[in-house]
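Residue numbering begins at 1 within each chain, and the chains themselves are lettered A, B and C in the order written.
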Amino acid sequence: MITRRSALMAAVATSALVAGPALAEDPIKIGNVMPYSGPASAYGTIGKTINAYIEMTNAKGGVNGRQIEFISYDDGYSPPKMVEQVRRLVEQDEVTALFQTLGTPTNTAIHKYINAKRVPHLFLATGAAKWDDPENFPMTMGWQPSYVVEAKIYAKYIMDNMPDAKVAMLYQNDDFGKDYYNGFKEGLGDKVDMLVAEAPYEVAAPTVDSEVINLKASGADVFIIIATPKFAAQAIKKSAEIGWEAQRFLTNVSLSVGGVLKPAGFEASKGIISAGYLMEEGDAQFADSPELLEWREFMAEWYPEGDVTSSFTVFGYSVGATIVHTLEMAGDDLSREGILAAAASLKDYDAPLLLPGILINTAEDDFAPIEAMQLQKFDGESWKRFGEVITVD
Amino acid sequence: MATSEENMTGGPAIPRAAAASAKKSGSSLGTIVLAVLVIGAVILPFASKNFFIFQMTQVMVYAIAILGLNLLTGINGQFSLGHGAFYAVGAYTAAILMEMQGVPYGWTIPIAGVLCFVAGFLFGLPALRLEGVYLALATFALAVATPQLLKLSPFEHWTGGVQGIVIIKPDAPFGLDAVLNPDQWLYFFTLVIGLFLYWLARNIVGSRTGRALMAIRDNPIAARSMGVNTAVYKATAFGISAMFTGVAGCLGAIVIQFVAPDSFTFALSVALLVGLVIGGVGWLPGALLGALFIVFIPNVAEDISKGLAGAFYGFFLIAVIYLAPQGAGGLIRSGLARVKRML
Amino acid sequence: MDLFIQQVVSGFATGGIYACMALSVVMIYQAIHHLNFAQGEMAMFSTYIAWQLLAWGLPYWAVFPLVIAISFVGGFAVERIVFKPIENAPVLSHIVIFIALFAIFNSFAGFIWDFTIKAVPSPFGDGPLYPGAPIGTHQAGMIGVTMVVLVMLWAFFRFTRMGLAMRAAAANPDSARLVGVKVSMMTALGWGMASAIGAVAGVLIAPVVFLEPNMMLSILLYGFAGAVLGGLTSPAGAVLGGFLVGIIENLAGTYIPVIGGELKLPIALFLIVAVLLIKPAGLLGRRTVQRV
């Protein structure tokens, strides 16, 4: 490990001497890779939303008088393809920064390369905790709250409010699910016995019915669902159908009302608790919020074929605004160093569609932009937030 | 069922006599083409950007993998939808040996080759009882199961579980690093191994073993009655094929510098099969054309339309099969036959 | 014991999904003696058409036959347009065309209807079959429909001239041609029928697993597995195979420690391959004699 790290540092040091590509008055090139095809193609919506946001920004005059060129490629969620596409972006298209590259395994594949090349690797679309490591990977920065943080919020809530609970957990057997699983156990600490049953499922599985039945048989009275939208909807529907009266918790990834709870059935979804950081279309509390109104106008004008009930369009808009804000903060210094410095010094930035009270803060030793969430309960029609905004470090 | 299964995979494969005499008849032209290709391949890394060198290295890696599949399908008549599994075994062998055991990358290649031969042989033993659609299902199942096996928690200690393993990119050895950057070095490294494996594949085809394999393909029952031990030969064919593909996986891991279960999904096996058919079943050089197709055509499709990239890729596939129903190999064969007739 | 029964019943319900798809696999196998890797995507596409018609306000029982008809014509057209010109190409080239069709249908579905999951209504209601049952009324209804399709398919192959001609055309095209069977037309009709059965499967499966472009990815594999396990030449075998796969999978996931949950699919597939080694034609399939 030591040799590896020093090798990396040496690589970083040598390539630092190489100057970045010419950064004159041409457009600012921002590179991105998303799974537009393949089994994870649902996430492609984020890329399309960002593209629309950048188009809107350019139509309004760009950033500091310069246009933004958003170059987004498809990797089909395959790490080798991600490496190829990122090398294309860096070596052929000569982008100034990478932004919102999606997926944990895919970003891990380019983590070292991109840091050795000294290209800012900003606001990744993954909730793994490892992106907040400025000491070893000074180019890479996440955006959303990490999965581990969210899992710890649930663990704390359960220990505080239902100390005698028996917890069962359904999780996707990949980096996303494992992060929650480990984070939740960490959060329980010496009360780890509260977790009485766990069931991993494969993304390739047709249904999770069998797992839900097994978890119910454990006698648990708390059911945590760490699943991507399709499986989350199945688990919600099935648990209601078999009459399992457990308090259910649902990962933030699947809290979309239109994309998960509505298909699963509002009645079946009643009482679910989740933690959020973004607003949601169809949420009664924000029906007249100016931020959501603005977002709806954006969707109607710039991304009319997009789905307003999908949480990915909200996500894409908010993170798109964050990169544009970062470029604005960089001012005239739109070099790689300038953009990175701006990204690492965001102060109380209230990105659009963030829940009230949640702000983006970064520093040279803090590469985790959003670190706060708020618990919310589904009342059968929309989410009702409760309690304080919770910040976890 | 027998009637339809016979041409299941055989199709345009190398005729026995032709393969045996391939060295004589096509040798002069073949040698010239090969020489031109090799010279071009040597010049290329000094005339292009690192990114293109990297892409061409990937092409060679996939070409080796397809070559392995070609040996199985074209020469033995068996067919596999699951060769991504052997590619994965090779890749993980490289990653685990290099990053956990500190084995130099050069040594991981023969080790991966041997391991994959054994894995392929063992898989081939039961698989040889299955034919046609049944073999298709068994290998399809292998491909789908691969990522799940790779992240199995009891082995997480070695495989890195869902997180995978990051590999350090090797520099050129023997002071060559002054002349060659790592991308150029890996390119030549892959080129040399690729040429060696191509030579090996040619020799296997022409050898006694190769002839026995083709006899089994053309008429299994007759071969059996002539005393060819079909079981051992078929399993050996699977082993050899897996060995080639495994070496490709090993090289692929070193080039990409990362292995994870998500790298070896069913899509990889499908891509290899597509490369095989596009290049031409039973025509060994076709592997290179097939590899070019699977590396570059998805990018072309994506340039045309982001939303419909998959559809355009599909249209390209159909177009190629229409133009060359037996792949590039078939096209070249019929072209050559026409030229000969005219002469 | 309670858990055991629950898992068996639930496996039976999930197995109904596989059985449904397996019937479609058997149908295409009878027509072309092959597995069609685009079968699942075609079924998914049919399901989207059904969803769209429902969203436009058509009543369910009008949509159901309409989608079956559209799918029949669609499957027939795919064979005529895509496969007719390369009738004589080797089988591996056909497999590549299946892969191409897979990509095309998947890509168009995502492009037209987006990737957000969609709920498809069930004609059988969505409550449990009885309070606390591991099987819903919809799944019970689905199994019933599967049985109806099974009987129809069996009767078609057993009693109709066309069924016999279709089997002959696929099993031995040359001889069939000699006795006056229009082989090429039989193939196209087989495609149409397989596509129609696939549509029934898709419309019945979607309420359980939710509709999205990748819905059929793994279900097709289970359908193959069920069909192969039961015997590709036997519709009844395919349905039996589908149910068995569902039950085996659930029991493996529940009772095999450590790796059971993570590997229930590979374990189920491994068992199937093991069965095939002993009974290569599947449980109810007819053993074909090989001619030398």
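We adopt the following convention: a contact is a pair of C-beta atoms (placed from the backbone, for glycine too) under 8 Å apart; a residue touches a chain by one contact, two chains touch by 3 or more.
Because the structure is predicted, anything quoted here is derived from the model rather than measured.
Colleague: If I average the CA coordinates per chain, which chain comes out farthest from chain B?
Modeller: Comparing chain centres, A lies farthest from chain B.
Colleague: Sort out for me whether A-C or B-C is joined by the greater number of C-beta contact pairs.
Modeller: B-C
Colleague: Using CA atom averages as chain centres, what separation in Å is found between chain A and chain C?
Modeller: Their C-alpha centroids are separated by 36 Å.
Colleague: Once you find the CA centre of chain B and the CA centre of chain C, what distance in Å lies between them?
Modeller: That pair's centroid distance is 31 Å.
Colleague: Scan chain C for residues touching two or more other chains and write them down.
Modeller: Residues 107, 110, 218, 262, 265 of chain C each touch two or more of the other chains.
Colleague: Check each residue of chain B and list the ones that touch at least two other chains.
Modeller: As it turns out, chain B has residues touching two or more other chains at 144, 148, 151, 307, 309-310.
Colleague: Multi-chain contacts only, two chains or more: what residues does chain A have there?
Modeller: Within chain A, the residues that touch at least two other chains are 37, 39, 173, 202, 204.
Colleague: Inside the complex, what are the residues of chain A that reach chain C?
Modeller: Residues 37, 39, 41-42, 44-45, 173, 199-202, 204-207, 209-211, 213-214, 217, 229-230, 233-234, 237, 241-243, 256, 258-260, 262-265, 307, 309-310.
Colleague: Considering only the defined contacts, which chain A positions touch chain B in the complex?
Modeller: Result: residues 4, 7, 36-39, 48, 72-74, 76-80, 83-84, 87-88, 91-92, 103-106, 108-109, 111-113, 173-175, 178, 202, 204 of chain A touch chain B.
Colleague: State the interface residues of chain B toward chain C in the complex, per the touch definition above.
Modeller: Per the touch definition, chain B meets chain C at residues 1-5, 7-12, 73, 79, 126, 129-130, 133-134, 136-138, 140-141, 144-145, 148-149, 151-154, 221-222, 270, 273-274, 276-278, 281, 307-315, 317-318, 321-322, 325-327.
Colleague: For chain B, which residues are in contact with chain A within the complex?
Modeller: For this pair, the touching residues of chain B are 49-51, 54-55, 58, 144, 148, 151, 161-164, 166, 168, 252, 256-258, 260-263, 265, 267-268, 298, 302, 306-307, 309-310.
Colleague: Given the complex with chain A, which residues does chain C contribute to the contact?
Modeller: Contact set of chain C toward chain A: 2-3, 6-7, 10-11, 13-14, 17, 107, 110, 114-119, 126-128, 131-134, 136, 208-210, 212-214, 217-219, 222, 249-250, 253-254, 261-262, 264-265.
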